[in-house]
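The following pair of complexes shares a single chain, chain A, combined with chain B in the former and chain C in the latter.
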Partner chain A sequence: MPLVDPEFLAEVKRSPAFNAEACLNCGVCSAVCPLEIELLPRKLFRYVLLGFKDRILANTETIYSCLLCKMCEANCPQEVSIAENVRALRFWINKKVFQL
Partner chain B sequence: MSTLKIGVYICHCGGNISHYVDVEEVRAAVAGEPGVVVAKTAMFTCSDATQQEIIADIREHNLEGLVVASCSPKLHLFTFRETARRAGLNPYQYTQVNLREQCSWAHRNNRRAATEKAVRLVRAGIARTNLTVPLEPFKIETVPAVLVVGAGVAGLRAAVGMADLGMNVYLLEKEAQPGGWVNRPGKMYPAGRVGKEIIAQLLAEVQERERITLFTGAEIVEKSGSVGNFQVKVRVGGRRRQEISLNVGAVIVATGFDVYRPAACEYGYGFTGVVTLPEYWDLLAAANGNLIYRRKEIKDVVYIYCVGSRQDPEKENAHSYCSRYCCSAAVYAALQTAEINPQIRQYHLYRDMRTYGKSELLFTRAREQGVRFLKFAGDNPPRVEEQAGGRLQVTVCDLLTYGEEVEIRADLVVLVTGMVPRENEQLVKVLKLPLGKDGFFNEIHPKLRPVETVVDGVFICGAAQGPKDYPESVASALAAVTQSAALLKKGYVELEPLVATVDPERCRWCGECAAVCPYAAIEKGQYLYRQVAWVNEAVCKGCGGCAPVCPGQAIDLRGYTDAQIKAMIDGLLKGGL
Partner chain C sequence: MPLPTKETIGILADNLRLRNSVLPLAQKAVTRWANGLGLPRGGETIIYTGMMYQLAPAIAAMNKTQEKIEDSWLANFVGMGRYVNKVVNISAFLARPAQTMRSYCERVLANIAALLQRAGVECGYLYEDELYSGALIYDLGVDDLFERHAWKVAKVFEKYQVKNIITVDPHTTHLLRSVYPAVLPGPAWQVRSYLEVLAERDLKPVSGLDAAVALHDSCLYARPEKIFEEPRTLLSRAGIAVREPANSGKFTLCCGGPAESLFPKKAVARAAARMEQIRQAGEKAVTMCPLCLVNLRKAAPASFSVEDIAVYLGKAYLP
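Here is the complex of A and B:
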């Protein structure tokens, strides 16, 4: 059972422009995704908000498969900067996993 | 059998009746009934032209009774009563026969039988009309004063409103201090105003008005009289208890709500760190830079929504309704918490977010400020456990994370408790207030008559009739002001004369009738040194409950006398066409 890690969000947020907190979980992003990636982005953002670090690391491949096409962003009713958020996560993974 | 001169009008209702019932045949069948002088059909009886024709007929033939066989009396009883009145005929000598809802619409597949039924119904109407007598509505002068029960935000606002309309106001408060639930030190949504300040302002307005008399520690013990003219006894507490008699035209009940108190161990209530939302408000009001609970700084707060609301209706005494204010109040508490210390991490476990109207903006703001929301299903609520080291652990199946079980560690768990009806046994008994299934006071109609009760002259407002936030309570208080002032400003009330009457020659006062009367309209009276039943005509609703229980057949219902009902049955049974 995953334990909520309250510190994690702040860790990712160190990169600029992460605003997934506004997400309403409506799912429009998943519906319009041209790659039909089921994980991205709303589920991914839940993991970030609740601090499920392991889940994020287990999905590293998927996070990198995003095209950053911004189709989701253009349709987001809460104006979440989804592509920027994915990039912020990649930044964190680059540092954390690939030590770049 | 004595008869009156009666006019009968059978309506086509533009085909609604005549497509399924042969109205001409009905007319021919009833034209020879005792008393019938005029019998006609009309395409639309309610049309202006036909009403004019009826008036002309009444005048020309000196008609003494009128029967219109058309639609439901709900639609046109008052229309044709008024037609009769305009022609100089007593409106209570009019009978409406419902041929549409109770005949043609119900029997569209059998014209023959429908026509026969229509004949029987019209015959019954004619038979009843033959036994009518002229009746006049009762006129009762109203007292320009009102009793407001409860001096919370709704009662105070209602008192000020009534006083400004020129009424004398007696304002009762059961507690030692007025103000009710709003009278608290914390800020309230939607405008962020401090409850105490709202109450202080209203109290100042009350004090400015000489017409308002405020009694604290006061309870209503007795009520008699009727709409427009009630006699009320009030017990005023304090060291010297005393009873005061008041004379008022209307009563506004604004007794408010109670907060739900969780049972022991419900969501961990009783553990250190598990508090209700009102208890949390006190922490917020006392906070100064940091949020402190029992000398410990709070860093992680979990809120659990719908505690004591939307309970499983199968459960005994379940509060199955939504308390409406709590989602907005909890989201507002989150914003206040973030204002005190933005570092505090907040997790809101909700079932459905019902931040309706402008509160939706509060919800958006809370999310943007990093407050995290998790959604649980009603049949799978979160669990709260105590951990070593004095922290709490909350486990919840979060539907937003695809039904995953999630654990949260917290310093404080806030149970977002709902509103429950206040215990008001005495008041309910004295005022005969109708209670809804949920235990709150019931209005006549939730949309069209939202502050009136079945007890004429007794109005309800505020959270006493169901969960409301304070702006909604004030709005309903002002609705009650309008309704009661509309009643009292006219100076008199007119009541239907269709009430129970007692034949004092036959009455032996056994009390059976008084025992069954749901409105307490029957009292013991005097007649030639004997005790007999006496009907307070202003209180009687003409339900007829008393008539059949009278062993001496001394009670009759005006407009629906036993003789009339028997005549109607004879009319119905008198063979078909």
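Here is the complex of A and C:
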């Protein structure tokens, strides 16, 4: 069972640009991802919204593999700022985990 | 063992913090492309390279080294490399840019400046005062460092009283036009890609080119910056038949370049898949981004030509 950290969303959400809650989990983003990363981004965003910090930490490579090419954004029916959300996760990892 | 993410980002961030560039370059290597072009220093309108084309040969060389380190025992020493790099610039030892690639990228930049001059655009250049835009550090999410660097860039523009910025690559265009305004409240410049500037001018080709090329759109140009008609207009006016790969325009597929710094093998795999689409569309490829150029060339067979669009435009529109 993943541990739930109720503060995690607030830690990651630095600005209104982080809009993971708009995601409907339709899966279009995963279907069009040129890296064919099934996890990105809908599951990652769900992990953040649910406070599953350990699941995010277990998927660090996936988070840094994202090309930020915005193909997913061009197809997202909810206009989720997917690339910006991924960057917000990177910023959080850089600060809290990597101490950069 | 993959390249250690923390240490690799750490080295790139340290370089920007200490040396103003993710891969520090000798000053003359940055400005050599402008020799003999007579570009005035500064001015209201400037050509801003963001150092991306100058960095491309170093990035290509560094990738070769990284590919050797990735999944080898050497990956264990990247952390130690970070400590050494704080004192001595290790990238100068790890990657020696190929002379042919350096000359090629200088020719691309010289062509762009000459094309702008021929189109009647008067623009200056900041020479050794020009700074890298911070594009890679922004992508990697080191936002506090990126914001501090963006202020440094803004101060240089302020010093020269710059009002109009003509960019030459998609990463710098996107950063200056769509990202800087969000992190730098106050300064405002008009930012346009040279492709936009040239396309709106009625520039007549000097010699028509009888060629057909598969056009690879840049993700950042095509999607956030909506620049995809301009390269087609310029190539078509020059008599070049533009062939469209399976994914093009707004739905172009990434070349994999952004993965190069942390996951070289993933970058190569993505480039190979994109190259397949491009080769099905035409016998030659045209790119408009230095990272696409470097990454797609790695995936192309030796007999397959991948050229920057400025090379074709130079042949068609310059005497």
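Quick note on the criterion: the second predicted complex is superposed on the first by the 96 of 100 C-alpha atoms of A that agree within 3 Å, B and C clash if a C-alpha of one lies under 4 Å from a C-alpha of the other, contacts with A are read in each partner's own complex, and residues count from 1 in each chain.
Here is the rule we go by: contacts are C-beta pairs under 8 Å (C-beta built on N, C-alpha and C of every residue); 3 or more make two chains touch, one makes a residue touch a chain.
Computed from a prediction, not measured in an experiment: that's the story for all the values here.
> For A:Leu3, is the partner it touches chain B (first), chain C (second), both, or none of the two (neither)?
After superposing on A, A:Leu3 lies in contact with chain B but is clear of chain C.
> Going by the contact rule set out at the top, does A:Pro34 touch chain B (first), chain C (second), both, or neither?
Touch status of A:Pro34: second partner only.
> Between chain B and chain C, which makes contact with more of the residues in chain A?
C
> Starting from the residues of chain A touching chain B, keep only those that also touch chain C in the other complex, and list them.
Dual-contact residues (chain A): none.
> Considering the complex alone, what residue numbers of chain A touch chain C?
34-35, 60-61, 64-65, 67-71, 73-74, 87-91, 93-94, 97-98, 100
> Mind pulling up the chain A residues that touch chain B in the complex?
1-4, 6, 9, 19, 21-25, 43, 46-47, 49-50, 78
> Report the residues of chain B in contact with chain A in the complex, numbered from low to high.
Touching chain A: residues 300, 345, 347, 364, 367-372, 374, 395, 398, 400-402, 404-409 of chain B.
> Using the touch definition from the top, list the residues of chain C that touch chain A in their complex.
2, 5-6, 9-10, 13, 138-143, 219-220, 223-224, 250-251, 253-254, 256-259, 262-263, 266, 270, 273-274
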